[in-house]
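Residue numbering begins at 1 within each chain, and the chains themselves are lettered A, B, C and D in the order written.
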């Protein structure tokens, strides 16, 4: 077990309501730097809601989420270190792959000068740089999302079902990227049912069902 | 009085505008729809009012302004709808350095995609109908000064109703009362021009409303987006 | 100061205050209504110009005032909830909207009833009435937005943005309608203005205004109570209230 | 006495307008009160039903 780094992300007793339906309550866990958290749970158990709360898009109806002790709502540092990838990966269908990636890089404006060509090469989509995003298969779309992870520097990755349409090579690529990310003391929270090939030392699991039951 | 938050770092704001223009270019076939809709609505009025040339000429300012207002209102829903569907709205809210700045650029892109072609069409139509020179110039000046409010306030409504079922009708209910001052001063300016009484005061009001909308609306749009996505 | 403010802003505490105060407020408002009605309908002399129809002023002016006051409450509560995320304010804003809408409708109806003898028609594009009509549209827009969004908290936040945008626009709408109505309104139509008031006419107006205001707060308290129960339905204090309600 | 009363209701010929204004006001204010109180009762009933269902669910 690696030396326990200081707690980076601390989720304290949060509750999630959708309308009047309780999704989960009294959910607490903490993540130290250099960890991948695999979020398991049945459909509707709140995996996506949890990730949206961690991203700051949604606010928990109770409890708090702290980044290095500071509530994420007030922490600009947290948001500058974050990438959130929802189930719909967030690229415009009427723009080409390269235009989408250049746009994502530009609006984040995190000073990275990485080249989209190299990122596309790494995810094996070089030939598709000029293709409209709308014409890609869902597997290729998730690969473009992986290219964004390579391009936009971020210490925190929030990935919602990033593997669903990826083939075996794609899955291995993501696992390789995740390993590289946590080895440079990054944090990743990944909602997926598929087993992640991450060495146990770096892997932490959070089962949404077991938590709400107790 | 340049609002710092609005001047997002140059590359980001340029990238947002570039993206909107690219998307506009990619569906340039649809660019003709607002002007066509405008002509269609404008053509309806004579059928309703009757062929009396004098009456139609007197009502020309109202016809043009109401047609522009309706055509703009109908196009507002598209500002955020496709972004919300493909998830890029979430990326914009999370990643944009200055969300109000991005919303201001979204409103600018909408103005270029709908009101601008409408003003061109209005100019064309008013020359076809050979309105007097000063009426035509009053019409174009008032449209240019007033329609930014349509886009800016419309973007707030579009943000508040993104992803809502029956959003277009709700959007119209939310923003039409806010469009009425522009309609009053816009059509008023043209009407005064036809009666050749002193215009000018209306232009100042229209310009004032546009400047107020330009500085405040983006912040309301940003808050609206965060509220809708929460 | 913030600490005490926070204590009062807690939903549980406000619910208790609202429950305690609504009945006395209602009784006080009823008493003031009685005094105002006697003063306004019986004691006050008829207006030399408008005759007895001026007595409609005693319901029109207070409801017109409350139609504006309720929107200010909505926008103030909305802005507070947007800036400091105070849950109570969401409940107050949502509770104030239907009240504001009904007072606006009342102001419109009594205004048109008051104007009918003078104008000969039920509706004239008088600046004040037109502004009230647009204010009613703002309320209806707010309430439509609330019902279109399922999640109560997200609806309240979106409504807060709309209320703040609305309150910025109200003076603009009012001024442009004034400018517009002076253009086309022939001088003959006397504007809907309150006539010069003798004190015996003025006192009932103040009594009625106070009665309306207290009634507004009482109604607001009652509505806020049910909003708070819905917002905080999982909280222990709500379960306690439900338990008491069930045992009664 | 009755002529004074009749005169009072006539309101100098404006009786229709004055009394309909006041009637409308009374209707609206009392209506608001009744609706508000009835809504509170409905909310209490709904929530306690939902809470008791919740209670059985937790107990089961």
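To be clear about the criterion, contacts are C-beta pairs under 8 Å (C-beta built on N, C-alpha and C of every residue); 3 or more make two chains touch, one makes a residue touch a chain.
Worth saying up front: this structure is predicted, and the values here are computed from it rather than measured.
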item: Pair with more cross-chain C-beta pairs in contact, given C-D and A-C; value: C-D
item: Distance from the mean Cα position of chain D to that of chain C, given in whole angstrom; value: 16
item: Length of the line joining the C-alpha centres of chain A and chain C, rounded to whole Å; value: 47
item: Intercentroid distance (Cα basis), chain D paired with chain B, Å; value: 43
item: Whole-Å separation of chain centres (CA-atom averages), chain B against chain C; value: 32
item: Multi-chain contact residues (two or more partners), chain D; value: 50
item: Set of chain C residues in contact with two or more other chains; value: 153, 230, 233
item: Chain A residues counted as touching two or more neighbouring chains; value: 20, 59
item: Chain contact topology (line, ring, star, complete or other); value: other
item: Chain-chain contacts as defined at top; value: A-B, A-C, B-C, C-D
item: Residues of chain D touching chain C in the complex; value: 8, 11-15, 17-18, 20-22, 24-25, 28-29, 31-33, 36-37, 39-40, 43-44, 47-48, 50-52
item: Sites on chain A touched by chain B in the complex; value: 55-59, 79, 82-84, 86-95, 99, 102-104, 106-109, 132, 152
item: Touching residues on chain B, where the partner in the complex is chain A; value: 8-9, 11-12, 14-16, 18-19, 22-23, 26-27, 82-83, 85-88, 90-97, 102, 226, 229-230
item: Chain C partner contacts - residues on chain B that touch it in the complex; value: 153, 156, 160-161, 164-167, 170, 173-174, 176-178, 180-181, 184-185, 188, 205, 209, 212, 216-217, 220, 223-224, 226-228, 230
item: Complex contact set, residues of chain C against chain D; value: 26, 37, 41-42, 46, 51-53, 55-56, 59-60, 63, 98-99, 102, 105-106, 109-110, 113-114, 116-117, 215, 218-219, 222-223, 225-226, 229-230, 233, 238-239, 241-242, 245-246
